[in-house]
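Shared chain: chain A. Partners: chain B in the first complex, chain C in the second.
Right after this comes the complex of A and B.
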């Protein structure tokens, strides 16, 4: 872990890109021509935050598998921290999604597939936290958390797929089949915001892992001092 | 003993233990029928309210909650009497234990459903759905398998924690939502319109996929979940 880029460097990179991304999003990318108009600008935050949340849960998934194979607690710390950051980003997704929903559809909450899936993901990873808090023994807590992280990450896309059985959704499909695609200036602004947000996520995880490791050292020292 | 013999032995043990006392089955059946009565009062707004479009939802919510009760019980006994320690001391593959526990829970769920579904039909379904029994049974089996495999894995984890039965619903309910969506939709369509295999194929395939994914996921992680 130590050999990777340091947390401050990641924070600086994220900060620079997010500022450039904001400038691009508000002054370079055109005002949306459809009914959404200026309120569409939140897209440059909402979607990258969602991507960062999914990426953080992905990191937790990989960390869980590596932990189960190696039983090295470092990976447990990484998984734990990733879930925490992923949860934070998911809550931001819900908030920005609701703001956008109010502007675009006129309601704060719609039972729309993606929003609903994110809401469930929030509850899943909140359950991960509860699970951690009710197991005392270190190794056992790490193992259960890892098993649950694997199952949860597998379940989320399945839930999203299942929501297709429900009545039609409202979400704009921007990229992919049926999507409108993006203009060059929109795509560039979006890409900068996306990379910035992912860097911010990585920086937060990097910093929190360090904090967890320091906490572990403090605990070890206390134990060795007979506290 | 080969894997198959061990599997049979564990399932047999679970069934005999339950059939001797029957406390779990009786409570679960009472719970399921009571839940239907509660649903009737909760959803009937005026004389003769049409509940047809709620039927699938009522049925699966009831089964999922009943299963939560059953799962907690099935592992509480193992834990309290230290049966599980004995089981783990035997030279049995952990995956065999998982499959046997899943099968045992599936049998209990099916017994409950054998009683509950006719009562449910009597209470809520006006048109006869005997002709659509086959697609209904397929949906039932596929959804049950998903509920039992995921439930068994999570119950194994939750029984080893401090809060036990409080934890299981929090872990289980968000994960089971896909099954709930597919099974509820399919069941409601069968009850309301007598929809056959053709239009339910996607949902059935989905349930089959869910079962496969979580059987494999549990297969890979059960070693860790059940502990040393």
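Right after this comes the complex of A and C.
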């Protein structure tokens, strides 16, 4: 872990990009010509936050597989932290998505494919936390959590592709053929915001893994001292 | 909603989100510092007890 980029470096990089991204989104990218108008600019942070949530769940999925192969608790800690950060970003996705929904569709919530499958992912990853809290023995908890993280991740590609396979939904396709074709200034602003948000997600995961490893060290030292 | 109202509204939501994420990072960083202090104290205590045990063994 020490060989990786430090959390402060990632955090500074994320901060710089997010500030530039905000400036580009608010002043460089054009105001949407549709009825949404300026409210459409929510897109520049709603979609990157969603991408960061999905990426965090992806990290949890990879960590779970590596843990099941190696039984190294470092990967369990990485998976646990990634789910926590993924859920934090998911809550922000839900909040910004509801604001978007109110501005674009006139409703705070709609039971359409993308929103419903994303809500299901949130419930699944919340259940991951519940599962961890009910198993005491460390290796067994890590194994159950890893298996659950692999199963829960099945919903993530379904969420991602829901707008493509079920086009009757309200949610637009952000990037891909047939929808979301972004012009230069929009694509640049979006890309900067996206990279900034992914770096912020990486900084938070990096920092929280550090916390978990130090907590393990404290537990070991207390045990060796007899309490 | 006018452009000015929309701008204020969107910027306010953005500011709140960034404040949440930055606060989370700062709280995590303070937690790291506190835990590192704990590790340092526990390691000192471990070394002290090991030194005591060595001295007792020598006597």
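Here is the rule we use: the second predicted complex is superposed on the first by the 212 of 227 C-alpha atoms of A that agree within 3 Å, B and C clash if a C-alpha of one lies under 4 Å from a C-alpha of the other, contacts with A are read in each partner's own complex, and residues count from 1 in each chain.
We take it that a residue touches a chain if its C-beta (ideal position, glycine included) is under 8 Å from a C-beta of that chain, and two chains touch if they have at least 3 such contacts.
Being a predicted model, the structure only gives us computed values, none of them experimental.
A.B. asks: A:96 in the overlay: touching chain B, chain C, both, or neither? Say first, second, both or neither.
C.D. replies: Once the two structures are laid over each other on A, A:96 reaches chain C alone.
A.B. asks: Could you tell me if A:161 is touching chain B, chain C, both of them or neither one (first, second, both, neither)?
C.D. replies: Only chain B is touched by A:161; chain C is not.
A.B. asks: Figure out whether A:225 sits in contact with chain B (first) or chain C (second), or with both, or with neither.
C.D. replies: A:225 sits against chain C, while chain B stays out of touch.
A.B. asks: Is A:148 touching the first partner chain B, the second partner chain C, both, or neither of them?
C.D. replies: A:148 contacts chain B only, not chain C.
A.B. asks: Using the superposition on chain A described above, determine whether A:18 touches chain B (first), chain C (second), both, or neither.
C.D. replies: Touch status of A:18: second partner only.
A.B. asks: One more residue to check, A:209. First (chain B), second (chain C), both or neither?
C.D. replies: neither
A.B. asks: Mind working out whether A:134 is in touch with chain B, chain C, both or neither, as first, second, both or neither?
C.D. replies: first
A.B. asks: Under the definition above, what is the set of chain A residues touching chain C in their complex?
C.D. replies: Within the complex, chain A contacts chain C at residues 7-8, 11, 18, 22, 26, 31, 37-39, 41-42, 45, 49, 88, 92, 95-96, 99, 200, 203-204, 207-208, 210-211, 214-215, 217-218, 221-222, 224-225.
A.B. asks: In their shared complex, at which residues does chain C touch chain A?
C.D. replies: 1, 3, 6-7, 9-11, 13-14, 17-18, 20-21, 24-25, 28-29, 31-32, 35-36, 38-39, 42-43, 45-46, 49
A.B. asks: For the complex, which residues does chain B have touching chain A?
C.D. replies: That would be residues 150, 153-154, 157, 160-163, 167, 170-171, 174-175, 177-178, 181-182, 185, 202-203, 206, 209-210, 213-214, 217, 220-221, 224-225, 227 of chain B.
A.B. asks: Considering the complex alone, what residue numbers of chain A touch chain B?
C.D. replies: For chain A paired with chain B, touching residues are 68, 120, 123-124, 126-127, 130-131, 134-136, 140, 143-144, 146-148, 150-152, 154-155, 158-159, 161-163, 165-166.
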